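Just below is one structure, and these are the notes that go with it.
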Amino acid sequence: MTPDMLLPEIVLAFNRWVIYYFALLNGVYVVLFLVSLVEVVRFVKGTFFSDYEQILKSDMTWPVSILVPARNESRTIVETVRSLLNVNYGQFEVIVVNDGSKDDTLQRLVGTFDMKRTDKIYRRTLPTGPVRAIYGTLEVPNLTVVDKERGGKADALNTGINVSRYPLYCSVDADSIIEENALLRVVKPFMEHPQEMVAVGGIVRIANGCEVREGRVARIGLPRKPLPIFQVVEYLRAFLSGRIGWSTLRSLLIISGAFGLYRKAEVIAAGGYDRWSETEDLELVLKLHETLNRRGRPYRIVFVPDPVCWTEVPSTFRVLARQRNRWHRGLLQSLWRHKRMILNPRFGVIGTIALPYFVLFETLGPFIEILGYAMLALSWWLGLLNADFFLLFLVFAVFFGVFLSVAAVLLEEISFRRYPGWQHLATLVLFGILENFGYRQVLSLFKVKAFWDFLLRRRAWGRMERQGFRTAPPPAPAARRI
Amino acid sequence: MGKEQARILIVDDDPIIRRFVGTLLAHNGYEVHEAEDGEAGLRMAASLLPRLVVLDLVMPYKDGFEVINGLKDDPSTRRVPILILSVKDREEDVVKALNLGADDYMIKPFSTQELLARIRKILERTAPGGTGCTTS
Amino acid sequence: MHDLLIRLIAGTGALLGGLALLIAFNKALREMREALDRRRRALLEPAIYEYANATGHRAILDYLPKPLSRRDRRLAEAALLDAARVVKGESRDRITAAFEALGSVRVSILHLRSQRWWKRAEAAERLGLMRSRAAAEPLVAAMNDPMGEVRIRAARALGIIRGTTSIRPLVLALTDPSRWSAIRVAEILIGTGTEAVDELLAAYDSLPHLARISALDVLGRIRSLKAAGLIRKALKDPHPDIRARAANALGHVGDPGFAADLTEALRDPEWPVRAMAAKALGRVGGQGAIAALCEALKDRQWWVRANAAEALRLVGPAGRDALIRMLDADDTYARHQAVAQLEEGRIIDEYLADLASADPARREAAIGFVEKIIRLERVDHLTQQAIDHAQEGVRLALLKILQRPA
């Protein structure tokens, strides 16, 4: 066989495989969507009366420690702490861990709440970097501020776990807005399955475009810039038809660092958060799955479809690129770390379906996509391109992508309806269509770049650029995963 | 009910309470105004100078305790009597509200007849002319 | 292949269009209905609330337009349910009468036999809010529902309607594997007070493990001395979970006579039991507990030490003296725990105030105390006080001691 005959063969074979791959991927999406649809309908039907008041009033409800790692959050920290202290819950404490901020995060807290250094002693269960001081206040007995040297978010969370008093802890990003009933919503699964529940996550919504007043979302709106609107649609898809589906299949792999409730003892048994990880929240959940499975203990890690928390997303390409780069590198790190779980039947659905899905589609997908475009050009150059077929396939692919986006909007419409206006709905549908022409491709490029960086072991830590909630350009978060 | 219409301001974030208590009071010959959060409550109290404020404690933005403080800080509203109507039933909350300057405290769910009786009592006690709680 | 693709495209396109239409149609319909309902309700509501607040004999139907449409009936029900949550007393009784007159009670009773469990649960919940005695019998029947959710809501509704409820089925419902169900059942049982104690005592031995734990919680919170014998026996149970809950329950009952039992529990081989016993000792108080708690400050387990220290702070002056003595203990953890609790209990601050006392003896004592804490290297609180204590004399005195070379 001569090389010029081999090339067309390869191109044609690749094209055929791409079609199989495409069919499989969309098959998975459709299955996830259908599972989510059933689950959302069940959830909505089953919650005709919320029992939140009873959970709130019962003194048998588990107390919760809210951990807030904060680094250079001076603009929002006081507002965040105030809104956390006002959360609807019986017994809870708020622990802010100041991770060696260079700004006046600590001073603001100390000044506002009249905090004093104390000799509070705590148990160093998890190894952490050095703690400089612990502050308490008589004004708000359930607020503690821990001042430590910079050690990263994972280290700050581990310190918070050490200092916390209660059996459940909730990790909260210092710049996200928690709904009033958020804790009651996520603690309910713990109340229902006390023996097995280990971690619970909830829906994270996008705060860009919402009117925020004193640490609350006063009026829900859509962002004005297109980039955040794309992310709204993307988040709807990821949460409503992604995580609900995975959670129902008992293989939820991601709980956002922005808001998650965990059983402390199990997290400690798994070794706490890892400093080496770019996405310590993802790594923790994977680690929990691995350790709990190895111990052979029945357990649950679930997702509640209730919205619980609002967060700012990047509004510029540069920051988005950095954020996604970090997320994706974190995913790759964790997959590599837990590679023994992949295709290991011992880990049930996670080993045989969820993890292979992440490897096949999340990590290899972008390559196949980019390669596909290259092959397209090559096919055309070699004269192999059947223009008719190509166009039809393209139309179908786009249609299907649009269908999945719009389907997520439907899930929102039948369940929570947080976006009330007609113009919201129209915008969401419009951007659900538009995201298939550019936005998704750009995300794939980000992922390819992240893969490359991962191979080079580059650790380009995104520096954060934060503004206050109320100032016009939204802040640029980097330390979060949706 | 042939008396003058005493002006009462209801500050509560729950529309059901506002409408229910509003209907009740209006039906008993009072002039009723409603505010749906603490800030609006303070603003309306300053402009309307009501004879009584019926105040909820758990509200967004400014809770009831802050509203009491706000009313007491403003010389024009300092003497306006306050009746707390709240779901908070813990002793410490009641004591705190009364210490801050509330005149009476009722816990939800409440009895309508009792509410009317207490309002009548407060209004009698603070009738204009005696202490001058409204500007003439 | 082309044909297949074209068909696929047409199919997806149709699906997509259908979906978009569905979303829009659904939203339009819902919004229209809501807007109409809102307007209609605003029209009906004043009359309904006037009815609830009135004192005469006119029934609800006289306040509503005649003939009563289905929508008006539904809206009136919703308005009354909202009002039912906020009032008590005579208005509340009138609201109940209105539900009976509107036929809402009858309809909800029918729904108790629906095919769908959430309809049955919702009906039980609504009947509880309506408070009609006519619903008592059907709700007792609903206590045998196959769905736990329905049983619990029925039980709660019964509790509201009759003031008390059938206790035996509730005790059995403690076996429900969901802690949330168990908690709600427990709350109802606690609400019935001493009535539940006899049933719980009789049933305890036949209950499974988790239900026993809930039963001990309930008995502790009812605080009946009648249950003390059983709880004490549970303190010797082979299972450590049970022993721990029993210790906790004794703490809730809170009779100083339990100090001896709890002191013994402080020597339990399992640390959760020891931790609970320490905590409970703080609740029951009594002089007998103090020596045991001081000993527990040296426990291997951190939580036992922490709970023991907190308990010492809570048992009163004797505990406080014991904490001060613990500053000289030979165990580092015990000393540090003592400092933390003395700070928390504001006892350190009392000594600090004495630094500026006119009485030289008190001043000396205070200085000695502060020096002892400095020797233990727990100076964060002292440093802070040296900066912002209210009295200048205290600040200066404290600063002088702190700056002294060790």
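Just so it is clear, A, B and C label the chains in written order, and each chain counts residues from 1 on its own.
We take it that a contact is a pair of C-beta atoms (placed from the backbone, for glycine too) under 8 Å apart; a residue touches a chain by one contact, two chains touch by 3 or more.
None of these values were measured; they are calculated from a predicted model.
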Pair of chains joined by more contacts [C-beta pairs], A-B or B-C: B-C
Centroid-based (C-alpha) most distant chain relative to chain A: B
Geometric centre distance via CA averages, chain C-chain B, whole Å: 31
Distance between the centres, which are taken as Cα means, of chain B and chain A, whole angstrom: 45
Contact footprint of chain B on chain C as seen in their complex: 45-46, 49-50, 52-53, 82-83, 85-92
In the complex, chain A residues that touch chain C: 45-46, 48-49, 51, 54-55, 58, 60-61, 116-121, 123, 133-134, 188, 190-194, 388-389, 392-393, 395-396, 399-400, 402-403, 406-407, 409-410, 413-414, 422, 425, 429
Of chain C, residues touching chain A in the complex: 1-2, 5-6, 8-9, 12-13, 15-16, 19-20, 22-24, 26-27, 118, 121-122, 125, 178-181, 183-184, 186-187, 217, 302, 306, 336-337, 339-340, 343-344, 378-381, 383-385, 388
Touching residues (chain side chain A, partner chain B) in the complex: 213-214, 216
Footprint of chain A on chain B - complex, ascending: 60-61
